[in-house]
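Order as written gives the chain letters A, B, C, D, E and F; numbering starts at 1 within each chain.
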Amino acid sequence: MSDLYTINKSPFEKNSLDSALKFSKAGTAVLLYEDAVYAAVKGTAVEEQIKAAMGDKKVYALGPDLAARGIAEDRVIDGVELVDYTGFVDLVEANDKVQAWV
Amino acid sequence: MSDLYTINKSPFEKNSLDSALKFSKAGTAVLLYEDAVYAAVKGTAVEEQIKAAMGDKKVYALGPDLAARGIAEDRVIDGVELVDYTGFVDLVEANDKVQAWV
Amino acid sequence: MKLAVQVNEGPYQHQASDSAYMFTKAALEKGHEVFRVFFYHDGVNNGTRMTTPPQDDRHVVNRWVELAEKYDLDLVICVAAAQRRGIVDEGEAERNGKDGTNIADKFRISGLGQLIEAAIQCDRTVVFGD
Amino acid sequence: MKLAVQVNEGPYQHQASDSAYMFTKAALEKGHEVFRVFFYHDGVNNGTRMTTPPQDDRHVVNRWVELAEKYDLDLVICVAAAQRRGIVDEGEAERNGKDGTNIADKFRISGLGQLIEAAIQCDRTVVFGD
Amino acid sequence: MSEVKKFMYLNRRAPYGTIYAWESLEVVLIGAAFDQQVSLMFVDDGVYQLVKGSKPADIEMKNFTPTYRTLGDYGVRHMFVDKASLEARGLTQDDLIEVEWEDWETEEEVDNIVEVIDADKVVELLDESDVVFSF
Amino acid sequence: MSEVKKFMYLNRRAPYGTIYAWESLEVVLIGAAFDQQVSLMFVDDGVYQLVKGSKPADIEMKNFTPTYRTLGDYGVRHMFVDKASLEARGLTQDDLIEVEWEDWETEEEVDNIVEVIDADKVVELLDESDVVFSF
């Protein structure tokens, strides 16, 4: 099946990102939202982890949550695709199921 | 001053233990309670971190929280002192202030 | 697409209820069917009519109510979780000897079976939590 | 020793309120003075009289009430946090046009100044949160 | 929808510190009334939910570990545990409860449906599920 | 107690994802009415609270970053930021808001009371405080 993994926790505070990536297969769509959008930023301690994940997975980040936190789009890692809430809905529709890594 | 640091989160889920230990000085009393008692167990991935901390800090764990989670006393790292809620109160009294690393 | 949405946290403390609302609203506006929004754990606290947030802040509860009015949305609060947290409708008040209610209009209290049923019936189940 | 206790989470969802209660009880039994227990954030949800937990489970709210009765404990709910979460006493109901109250006996709603004052007055401030 | 869905309960939290483990279990119990195929997955701190010997009397909470032992009677056929999560916590299968299962119609019996698996298998099982519940 | 206590607000959480940052700030604002010496410490995800340019309109939340800028008027003399926490998040002091401070009696002025410090200094400052608030 095609899966959408949603992650909403900061990668510096909780293990959700680590765990979601560890238990995902190639082709999984990963949506970072709420405090998890910090993982989508260039130059952080988890940048390499996100880049490695993008080797065989598609990574998305919720634009409204990035904007709320003062993160300009040019600070987002290249290749991470920004979506709004409608895009979130589209991702849910495009995949067979959703797994929340709360 | 003498400080009591309280930690209540699992070291495998959140960064509270890492952070509390990083920002503590020699002589700090560290009390593990609630899900943080898992850090007091022998043979885990954080055992060395706790042992290193015990080099210049005193580590306590709340007995009732260990018992609730099925951890027998003989599985607790040597040198970690078990206290009950009265012991928790005594630690608060014995130190100048309490810092919660929630 | 037919959607089930689960909300595990209360209003304001965590963004979960906000995200669930924004997602649900976007899905409805796109023409999808939201079969049910199920409030579990502290999520039941979204269903109290007693909140009075600051005037310059969003009203998390009323927002759900307005969405339910506009789209005839089924907002279900888990009864077991509600009993632990103190969300009460008339039936619950009578059953448990409470002297009043605090449930907001458009929310209803029901069993966990409503969550399972929604997950069985729907194409997707989306969970918002802490 | 004179103690201030702060509780940042609601009943049941997190152990914070349980730990705060057990700690406070132990301190009182040892003869210490607990100047005030201040409920902040979702902690305000500890002060509702509408809960009906399962019979084989502890009653987190009533336990606080009983401790307050026995030791004349000052249980203070932050007004700003209470407004967001929907904890209402008679004064708040009148001020905000609510048709009822849900605050439990022995709890009172007051301002954040009560927390600062407690921290200034007391020998130790102990925080329980998530 | 006549097809029987595969439900997976993904448990990633420790018991007692928060209520998620217990209220998740309540969903599983209620779910027994519905026609679905139910599995439970324990990863990260979720593996602590199955540790035996819990005695929460001194924190005044209810001991709900015995309830896991009855899950075979509630339509749960599989309880999977991530091996690496166990190892990082200094645990082995010997530390975990056992859960019996019996099919009343065929009289097929399984002594213990708690199964320790590796990460690849976790991924495969999550992937095969139709609904994944996270609490 | 006539002695003025040193209050330290220890901020370790990101804004918006949870309410702790905002409700902690409300305590600081109310605290201005009391006679104490107030400092704020930002470590771990707490450093995100001071990042400028927040625009939460599309998540329908109130932008509370401007409130931090006024803290100098609310009796806050120091806002400390842990250097390593900033670095791990790809941030520098340029990404943070500035907070002015002025002593109305002595007319002493400070352009920016936000100060990036190293871990040893964090420990020292926490240690010197009489009360540490954690939200």
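The definition used in the following text is that contacts are C-beta pairs under 8 Å (C-beta built on N, C-alpha and C of every residue); 3 or more make two chains touch, one makes a residue touch a chain.
Note that this is a predicted model, so its numbers are computed, not measured.
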item: Chain F and chain A - chains in contact with each; value: B, C
item: Angle of rotation relating chain E to chain F [CA atoms, steps of 5 degrees]; value: 180
item: Maximum inter-chain contact count - chain pair; value: C-D
item: From chain E, the most remote chain by mean C-alpha position; value: F
item: Label of the chain whose CA centroid is most distant from the centroid of chain C; value: B
item: Distance between the centres, which are taken as Cα means, of chain F and chain D, whole angstrom; value: 27
item: Centroid spacing, where centroids are CA-atom means, of chain C and chain F in whole angstrom; value: 35
item: Shared-contact residues (touching 2 or more other chains) in chain E; value: 16-19, 44, 59, 61, 131, 134-135
item: Multi-chain contact sites of chain C, meaning residues that touch two or more partners; value: 8, 12-13, 15, 22, 41, 54, 57, 80, 84, 125, 127, 129
item: For chain A, residues that touch 2 or more chains besides their own; value: 8, 12-13, 15, 34-35, 64, 84, 97-98, 100, 102
item: Contacting chain pairs - touch in the sense defined above; value: A-B, A-C, A-E, A-F, B-D, B-E, B-F, C-D, C-E, C-F, D-E, D-F
item: Partner chain E, residues of chain B touching it in the complex; value: 8-10, 12-13, 34-35, 38, 41-45, 47, 63-65, 67-72, 75, 84
item: Touching residues (chain side chain A, partner chain E) in the complex; value: 1, 3, 15, 19, 22-25, 97-102
item: Chain A contact footprint on chain F (complex, rising order); value: 13-18, 44-45, 48, 51-59, 61, 65, 88-90, 95
item: Parts of chain A lying in touch with chain C, wherever the complex brings them together; value: 6, 8, 33-35, 64, 84-86, 88-89, 92-93, 97-98, 100, 102
item: Chain D-touching residues of chain F, taken from the complex the two chains share; value: 1, 5, 7, 19-20, 23, 26-27, 30-31, 33-36, 131, 133-135
